[in-house]
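Okay, got some structures for you below.
Common to both upcoming complexes is chain A, partnered first by chain B, then by chain C.
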Partner chain A sequence: MKTRLPVFVAFISGALMIIAFFGRGTVVDAVSEEALTWQTIVGGFALLLGAVSIVRVHWQKISTRHTDRYYSVGLLICFAVMAGSGVLFGIGGGTLFDHLFQRIQAPMMSTMFSVLAFFIASAAYRAFRARSVSSAILLLAAIVVMLGRIPMGQYVYHGLPAWADWIMTVPSMAVQRGILIGAALGAASMSLRIMLGIERTYLGRG
Partner chain B sequence: MSEERSGQQVLRAPFWQRLQSVDRRILYSLIFASVIIPVLWPLHLPTLVTPESRAFFNAVDSLPSGSVVLFPFDFWPSTLPETEPMAIAALRHCFRKNLRVVGLSNVGMGGPSIADRLLDSIGAEFHKSYGADYVNLGYKANYSAVMLGMGSRIADIFPADHRGTRLEDIPLMRQVPNYDSVKFVLIISDNAMTDYWVALVNARYGLPMVAGVTAIMAPKMLSYMHSRQLMGLLGGMKGAAEYEQLIGRPDKASRGMDAQSLIHFLIIVFIVLGNAGYFMSRRHRTRLGQV
Partner chain C sequence: MSGFSLSKTKARRRVVGTRGCAPLHSAYQNGDLGERTKGSFLVRASKAFQVSRSRRGLLFRASLGIWSALLTRQLLDSPALTAADQYAGVFRVERVNALVLSVIFAAAVLWYIAQARRGAKFYIRPIPGLSAVDEAVGRATEMGRPVVFIPGTGDLDEIQTIAGLSILGRVARVTARYATPLRVPVLYPLPMAAAQEMVREAYLDEGVEHLDPETVQYVAGESFSYSARVGGIMLRERPAAAIYMGQFTAESLLIAEVGQSTGAIQIAGTASPDQLPFFIAACDYTLIGEELYAASAYLSGDPKMLGSLKGQDLMKILIAVVVVAGTITVSMGWSPEWLASIFEAK
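Our next item is the complex of A and B:
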């Protein structure tokens, strides 16, 4: 029963969504709408579970005097301040939560992301070597696209932007389409495996 | 003489090897300078408009005045330098065309706050009022349920907006019960949400859409553009700069393109130098019979 009931629920839910996708305005569609509302509520609980989990993990690190416990203290303080300010004073524009987010968190996250430019430049310089024919082709394509996508590229050679566009829209897109189709087929087959009860890892067993 | 030449070669070799291992502090300093110099002294390099960006502009521009545009702010604060200029330019275009904007976010951390700030600031530029010309629905967990559920009844998914006002009390939302009243979807995203908007909303409800995405996502999104699932595409800061140019309002992205140009150029120079060093030192080792 522990296995059959979740598999049954998964099958019904999956089948419902597939039928509803092709039959707008039908009874199944109406039932699927209700299921979607439930899904957002379940999603809310999943977020709560995540919050509880992160507090537990870091509290454990502090209580066991883990070497990284100071980071955990920092995380829990920030967590409490952000959550507390949101719950007590609201999250709309101009609130304490909004100030903390707009003036501290967002700039910090942007800075972390921007620092990547330094590492990418360093890594590209050290690792990007034309050691074989295929890596030489990759290198050449990268240089053409990088130059062709910036305003300076047209000064180097006026045809570079067109070359860059060709690389992006022909060979690169062919590969992207292959990846997309492969991923979609994989997702479809995985969904079928879950619906039919072949894939049961989400139940905590293989 | 031969020994002397050989000795010179031995002395010359470290230069090519040194080319392959320039101190990263020098590299970082040059990158830092490449960002700072164009900010202080803009180069005003012209940006060529790609067909994808022009198609994006034309799609928004062809919408009749008063049309409702669904505007998902599906990006994290970390990519703000790329995504924010796109969102600002798109909002300016929408408000200038008197389109009504329904904002929302499928990114819990920061999405709704960013949406609120941008909608309010750009709305104020065009004297638009909250509730009549634009609204921010905020965030709800579980993007697939949100995207599909809004097709039936938006109020079921978002009973209230980001500020806590019930949807039935918002004049704009009283006219937008579901996707049937939405003319267009304008996605700004830095993650897989664009795939879901295409796969769930475009495929099922047939809503026309355009997307502004980070540069790294653009090659993948091009395939949606060419299969006409997306009507237009902005790729990274360059896409944003092109859009700013098209709406006749150069801003952050146009300024950022100078820095991006210099950094791209610098990276290419270093890659070429590194490879020159690699080939010359390999040739040198071959001559000496080490390879």
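Our next item is the complex of A and C:
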């Protein structure tokens, strides 16, 4: 029962979604809408699990005087302030929660995103080396695409933008589509294995 | 059915099957089914629905009936139910091509699974990234440093997350066996709950009863906060192995570059084509697309799972044939519309 019930629920849920995709009409649409609503509700309850996990892990670090306990103190204070301000004063425009989000959290998220530019440069510097024929081709293609995408590229050679477009729309697009086809088939195969109960690793059993 | 060899087995429980399967159950009980028929899909499916007349079985049937009644009532009250729609056609004819392809795909997968049940052996090409997982954990054990496993940044409704979690089970088993610390920071709470259960079961299987609460932890609900936290974990704890398996978005390069700076051996796998170039540039091994979904079958070696891989390969061949045929016909100037409509999604 402990194993059969989740497998049964997985099969029924998957079958309902398949029927909803190919079917039309009242009951089918209603069932799929209700299933999505239930999923949202379960996700909301799961958020409580996450909050409890955060508090428990960091409180344990503080109580055991872990080396990094000061980071945990800061996290719990921020957690309490954000959660408390949202609950007490609301999350609409002009509230404390909104000010904290717009003036602290959003700029920090933008900062992390901007660090990507430097990480791309360092990754490219490491990866684009002419160690073999294939890596030399990769290096050449990267140079053509990078120069072709900037305004200065057409002053280096007038045909570079067209070459860059060709590389992105023909060989690169073909490979991406091939990967997508393979990934889609793999996902469908895994979904079928889960529905039939062959794949049970998501239940915690190997 | 009466012409097959008889192997009468006593029915241990009184069986109440679905209406359509009741005659089949009676035949099964009376021993009128041969060995081959007993293993047939219908018999096994009908057995899956059998309940006993015990108190627990009656309670189960009653709760199922109540649940069905409540769901029906809720559906009838649903705003999606309008008088005009009640009489619309029930099948989307414009998606019949998808239905046919799905049936062909499912038939291929089930055929090879059936072959695997009969003992057929299938060859799966070696995947270096998966072979390196044990090597990476061994390296972490020798160095006395932890293993960081990231099951992607998608929620549990993403199939890539489930694929990543299936690999986590294997990794957790190996780390428990060698007493290597494991860190699994998770972005969403549902995957956290699934990962905790998975790691706990793996540890119990290896005889380790205590699970450190820091092993699987919910980090944040937002991807850049998550990548900042994971970067902090990597810089402070200096893992020897970092494994990234699942769905990723912009934070993939942030995490991989920080991991690369710590000197960890990195193994990544994703079916998100936008993030593959970053992982290929920053990681030592990368599983591309379907290799991520094949990982659980590859690592377990279960013949039924390997059979499903052969089934999807058959479908891939079919798609390749259609692509080549379409390329030739378009190049020759024929451009038949029916060929293009086979894979058209509506």
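One rule holds for everything that comes next: the second predicted complex is superposed on the first by the 197 of 206 C-alpha atoms of A that agree within 3 Å, B and C clash if a C-alpha of one lies under 4 Å from a C-alpha of the other, contacts with A are read in each partner's own complex, and residues count from 1 in each chain.
FYI, contacts are C-beta pairs under 8 Å (C-beta built on N, C-alpha and C of every residue); 3 or more make two chains touch, one makes a residue touch a chain.
Every value quoted in this text rests on a predicted model; they were computed, and no experiment measured them.
After lining up the shared chain so the two structures overlap, which partner does A:E199 touch, if you call chain B first and chain C second: first, second, both or neither?
second
Pick one for A:Q176: touches chain B only (first), chain C only (second), both, or neither.
It touches chain B and chain C both.
Just chain B (first), just chain C (second), both, or neither: which does A:M109 touch?
Touch status of A:M109: both partners.
Quick one: is A:A117 in contact with chain B, with chain C, with both, or with neither? Answer first, second, both or neither.
The first partner, chain B, only.
Look at A:G23 in the shared chain and tell me whether it touches chain B only, chain C only, both, or neither; answer first, second, both or neither.
It touches chain C, and chain B stays clear.
Identify the residues of chain A that lie in both the chain B contact region and the chain C contact region.
Looking at chain A, the two contact sets intersect at 21, 24, 29, 33, 39, 42-43, 46-47, 105, 109, 112-113, 120, 122, 124, 126, 176, 179-180.
For chain B, which residues count as touching chain A in their complex?
Chain B reaches chain A through residues 20-22, 24, 27-28, 31, 35, 45-48, 50, 76-81, 108, 110, 112-114, 116-117, 120, 140-142, 144-146, 148-149, 152-153, 156-157, 162-164, 204, 215, 218-220, 222-223, 226, 238, 257-258, 260-268, 270-275, 278-279.
Once bound in the complex, which stretches of chain A touch chain B?
21, 24, 29, 32-33, 36-37, 39-40, 42-44, 46-47, 90-93, 97-98, 101-102, 105-106, 109-110, 112-114, 117-118, 120-122, 124-126, 128-131, 139, 142-143, 146-147, 149-152, 154, 161, 165, 168-169, 172-173, 176-177, 179-180
Write out the stretch or stretches of chain A touching chain C in their complex.
Residues 4, 8, 18, 21-31, 33-34, 39, 42-43, 46-51, 53-54, 56-57, 60, 68, 71, 105, 108-109, 112-113, 115-116, 119-120, 122-124, 126-127, 176, 179-183, 185-194, 198-199, 201-206.
Mind pulling up the chain C residues that touch chain A in the complex?
Of all residues in chain C, those touching chain A are 48, 71, 74-75, 78, 80-82, 85-86, 88-92, 95, 98-99, 102, 105-106, 109, 113, 155, 157, 159-160, 162-163, 165-166, 169-170, 173, 188-190, 192-194, 197-198, 200-202, 205, 213-214, 217-219, 221-222, 224-225, 227-228, 232, 236, 250-251, 253-254, 256-257, 260, 271, 273, 276, 278, 280-282, 288-294, 296, 300, 302, 304-305, 308-309, 311-312, 315-316, 319.
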